[in-house]
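Okay, here's the structure, questions in a sec.
We just call them A, B, C and D in the order they show up, numbering each chain from 1.
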Amino acid sequence: MTGPLLQVRDLTLSLPDRSRAPLFGRPPLVDIVNGISLDLAVGQSLGIVGESGSGKTSLGRCLVRLYPPTSGTIRFGGTDITDASEAVMRPIRKDLQMIFQDPQSSLNPRRTVGQIVAQPVLALSVETDRRAALKRADAALDRAGLGHAFAARYPHELSGGQRQRVGIARAIATEPRLIVADEIVSGLDVSTQAQILALLNDLKQDMGLSLIFISHDLSVVRVLADQVMVMLGGRVVEEGAASAVFDHPRHAYTRELIDAVPLPVIDPEWLNAEQAGGGTKMAEIKGQTVLVTGTSRGIGKVFVDQLLAAGAAKVYAATRSGGGSHADNRVVPVKLDITSATDIAAAARDCADVTVLVNNAGINHNSKLLATDQAGAAAAEMETNYLGTLNMCRAFAPVITDNGGGAIVNMASILARVNLPLMGSLCASKAAVYSMTQGIRAELASQGVAVFAVLPGAVDTDMTKDFPPPKAAPADIVAEVLAGMQAGEADIYPGDMAKGVSGGLAADRPGVIAEMAGYV
Amino acid sequence: MNRSMLLRRLLQAIPTLFGVSVVVFVLVRVVPGNPIAMMLPPGATAADMERLRVAYGLDGSIVEQYVIWLGQALTGAFGTSISLRQDVLELVLGRLPATLELALFATVLAVTIGVLATMLGSLYRGRWPETLIDTINGFTLAVPDFIWALALILLFGVVLPILPISGRINPRLGTEFLTGFYLLEALLTGRFTVLGDLLRHIIMPSIALALPLAAIITRVLKNSLAEAMVQDYVMIARVKGFSRWRIIWQEALRNAAIPALTLTGVQFTFLVGGTVLVEKIFSYPGIGNMAIDAVTNRDLPLIQGLILCFAVIFITVNLLVDLSYALLNPRLRS
Amino acid sequence: MTTALLNWRILVGGGIVALLALIALFAPLLAPVDPLEQDLFLELLPPWWQADADPTRALGADSLGRDVLSRLIHAARPALIVAVVAGTLTMLLGTALGLMAGYMGGVVDTLISRMVDIWTSFPAVLLAIMLVALIGTGLHSVIIAIVLIDWTRFCRVVRAETLAQAEMEYIDAAVTGGLRRGAILFREVLPNILPLVIVLLTLEMSIAIIVEAVLSFVGLSVSSDSPTWGGMIAEGRQVIHQAWWVMAFPMGLILIAVLALNLLGDGLKTALDPVLRR
Amino acid sequence: MSLILDIAGLRVSLRRGGHLVRDVSLQVATGQVHGLVGESGAGKTMIAKAVLGILPDAVRVSTGSIGFKGTDLLSLSPRRFRALLGREIAMIPQDPLTGLNPSRRIVAQMTDTLRHHLGQSRGEARGNALRLLQEVQIRDPEKVLDRYPHELSGGMRQRVLIAMAFATEPSLIIADEPTTALDVTVQKQILRLIRQMQERHGTAVLFVTHDLGVVAKICHQVTVLHTGQVVEQGSIDHVMSNAAAPFTRALMAATPRYDQPADALHPVPEAVHQTLRDAARTFDGRNP
């Protein structure tokens, strides 16, 4: 036979949510597992990690057909077992076994260990003779490191680790090709856990077993898995070779998970370190409802187009004057002057489905700080750039939280980090935006709202026509922002200039400033 | 768990009521004998009978008959009692207050005894008073109200004759009552001699009914209290430096009361069922006593009226228990 | 310590039950006189320890002058027959329905659960009296009435326990181990429920004894001349002020039988639990 | 830095014979987090319960002393001991789901120590509870106060429990596996919060856990236990970098790490366990 031992395509499991059952009719369905695909070759082992509620256990149970999948396909050894009846499944089960989570409840208290291990051997007709089956059970018990002397005992006479060995013996007794092991070491002490992991590793090698190892504990998964799949909310967020995923995680959530594991190493920074991106993760733009301010021109306009291209469900395109139209009917024009409290309140009310807020609107007046303040330029910059953005965040943070979380993107500028002559008050307002963004990130960290600060260098728009080159194209800047959001970069420095400055900030501050000043 | 769940529970009572009515209908119809015959006075002619058959739709199919019967039952038209020659509904409603009074009195007694025994047992946990309470409780749990009633009569009616062994009130007092709730009325109108006599009559039957229920309350409440006492939040309360009494009262009892209440509700229906026999034994003029007489006299109209009455009480009590469960449990309230 | 305790309960409870069974079995041999023999000269004769007692009538005589002891012994027969037969049949019916409801779920469960709801909406005693009144008196009727009414007790408990067992992972292990549904129900679930059912059976037997007594008390059990404990109580109730013993002895016997069965049940509960057993 | 908790020669025994904790001594000073590490049955929870005076009925302290700010807790009358509990000594439990009473509002559970021990009025105590909830970074604390526990997430409940423990500004907090039941990402937040609160209030913490990783991140001092005996004691640096006891070293080698491949994992050799079990037996032989 060629091809993978187990092939899963678009597997979805939906279960009725009884807590939200209406008075009449059926309760609504919730997707517990959503569009999972995987291939597992002979002898390979796959680790599935995720936190509680990620759907990893349900997925495992679907794979051994304890739960019937709602849609998708499962092929095992070339046979489609998605909708196979128990009669069809029975000969397959000999090759497809499971080790269960709770060694207490997975062993029938009224049967001896020998009977428990011999049960699948008999029922799956590996042996038809009772005596032969019990003999095979003894061998499996020996192999599981328990010794066949335990065959006559009852489960309640065993310790937790011993019970889990019985579970392993039962699973290997039919000499299967694939074992699904669900959280099998979570309740055990470290020294017992290490023994069980070592045992599984040996069995894997000796028997040429394929293994699907489900756990919430990344370190445990690392011990056994060649391949790793990280799950969140029923979906896969990242998958790949174990070494690649653990050493170079690509997805922000994976990084967050890894960073949260306390290694037995002293690291005084660990506790205080921002959580990977401090809650800044934005799985995807697809399906989000986004409000972008300042969309009449420049970066704002580009944001709208790229968000649509990235699959946003709806984009509120806010302009100071309102109106405007767009070819795409997902775009909803909004009148919103961010210096107007009534406008903001109205927007928060009308756009109650927003999950992502992009605070792009801003102004700049080039003026010397100590010279006469032309038409209150300093105050106006502060009012729009800082207070406007802050008030938008205030108004929309509860909206986004109520919608189950999302993101806020505040457009600051690299000027927040480096001051330029002639632009002192603009720099001050951008620095205020940047500091404020750091502040609300901490406040929103636990509420599923990712907060990003964007610090671009000079962008080639009509607002910066006075700036000397090099200026980055708006489309590149926005593309980098969207990529940065999905990669979980809390502070996004789009464009070479910004990166250069941020990279230089740490190293050679005076040099950078000199270089920057050269631009002006 | 939410309001719609409660509403669903309310709606569930409808099919149950429907099922109850079907069972009663079938019971009455399968009786050997003619249902028309029991509606007519003795000496009616065959023609009278045929007229009634048509009038009551008894010549139609069984489903038609059921629909007609249900319509009558819903309007309270259960016909005339054969043995007592009075309207069934009037008879039942006339006797119902006596039974309700007895059942409620017994329930209050049972809850009081049960809670007291529980508190006492929990206070002296692991010492001899707890063992004593457990032993007595084990005994009480096994003995049915029927035996208690007879034992009480033997004890306080014969060996130590201090209480009347039958009836609800001494007829020689000659008091008139406006309602059927004698006890309540006597209390409200301040007729204390009458009240005393009523209490002397009600005490034995209500104790007989209360003891098995009290035993069950004690066991469930004590178990759930013991369960609550090992929860983390109780440990925290101990670590907060509170006294044992305060912990039992403030932390544990309320959570322990929830399972106890559910069970008390179910058992209360048993208590109501128990009135049938206890009323008979004490010749107490309630619907239970009446029901046994109706059965012995094969008074079918009266039987169906009484049985439906009991069923309605049972279903109502179960609903009330579910509602009060929701009141006690914040998970259901929000 | 636990072992000693459980032995004590099973020994005492079981011993008394066995003794009662023997008495019932050998009633004609044990009874000193014919239980139906009336002797008006002995009317309301007091038991042996009182003055003017008759040594041949150890427990006195009733209002018709029949020997109380002999009647008690003979009355053990209907009581124990009802206990064993009605108890067992109730157990079989209720357990089967409870297993079906709990394990099959869906429509079957809804149907059976609703039936239990309807059944428990009637006062059991009244229903029993009515049933017997409708189908006629006699031991058969008593047994039928008990089975038809009390199956819900087993059904409810077995259903709940089946549901609890179905949650256990060993059921999933049996599925992945290739066991068929029927095999899982009978080979995995049932053995775990059985101890509970056996304990309930002892309880049901004591209830059956009480129901039989209640029915004969109301005059609806076996024909009125053959002795029953309930019938004797009813007769005693009539002469309670003159001869309390006529009622007290059958009451005491019922009490002893009921307590013994409960004690046996308690003992079995611990003895049959593999975790508590050790 | 003054000594808050001074446990000396503590021996906890079953009433029917046999020891669970075998002559353990340890000290916790102001502002220090002292980790008590071991596997199940090592006696760590028994030590915590002995300090809190909530040992199970079948278990008692047979010898030794538990010094708290200079007084031996074991010598106090129950009444005086209760006056200390909840005011000077508090605890954070393992399971946030059962640590809060399901039928009482958060405000009632948070204010009862303030009112009972500090005699605060209802309004005053509510104000303090509100401030505490803000301190543990609960959003919308005003609303949360009037909620029931089941309306909060697991992480929020653990925050409430932490706020509750710090309410009366105790000198000592016993944390019994406070993050074991939580997801890793929540665990990190909670650990950080405990550390922040503990530093801000200068509280001494006895931190019971089975997880060496958690110990490495939050503790200043560590005591490693096995069969009720101290196998290693010292500063976190010492224990993590050059542990002397074979058991500590074996435990480190047996802890899986995502940053190391599978072959770096070595189960604890049975001989290591056996040596310590033998030592326990010898101890029992000398002290029946």
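The criterion applied here is as follows: a contact is a pair of C-beta atoms (placed from the backbone, for glycine too) under 8 Å apart; a residue touches a chain by one contact, two chains touch by 3 or more.
Bear in mind the structure is a predicted one, so any value in this text is a computation, not a measurement.
Looking at A-D and B-D, the interface holding more C-beta pairs in contact is that of A-D. Chain centroids computed from C-alpha atoms place D closest to the centre of all protein C-alpha atoms shown.
If you average the Cα atoms of chain A and of chain B, the two centres end up 58 Å apart.
A straight line joining the Cα centres of chain A and chain D is 32 Å long.
With centres set at the average Cα position, the gap from chain B to chain D is 52 Å. If each chain is reduced to the centroid of its CA atoms, chain A and chain C end up 62 Å from each other. Among the residues of chain B, none is found touching two or more other chains.
Taken residue by residue, chain D touches two or more other chains at no position, since every residue touches fewer.
In chain A, no residue touches at least two other chains. Within the complex formed with chain D, the chain A residues making contact are 51-52, 189-191, 193-195, 197-198, 201, 216-224, 243, 246-247, 256-267, 270-272, 275, 401, 446-447. The touching residues of chain B, when paired with chain C in their complex, are 12, 15-16, 19-20, 23, 27, 30-31, 138-139, 141-144, 146-147, 150-151, 153-154, 157-159, 165, 269-270, 272-277, 280-281, 288, 291-292, 295-296, 298, 303, 306-307, 310-311, 314-315.
Here chain C touches chain A in the complex through residues 167-170, 172-181, 183, 188, 191-192, 274-275, 278, going by the rule given at the top.
Residue ranges on chain D touching chain B, taken from their complex, read 52, 54, 57, 82-87, 89-91, 93-95, 98-104, 109, 112-113, 116-117, 148, 150-151, 161, 164, 174. Contacts from chain D toward chain A in the complex involve residues 39-40, 137, 139, 155, 183-185, 187-189, 191-192, 195, 210-218, 236-237, 240-241, 250-252, 254-262, 265-268, 273.
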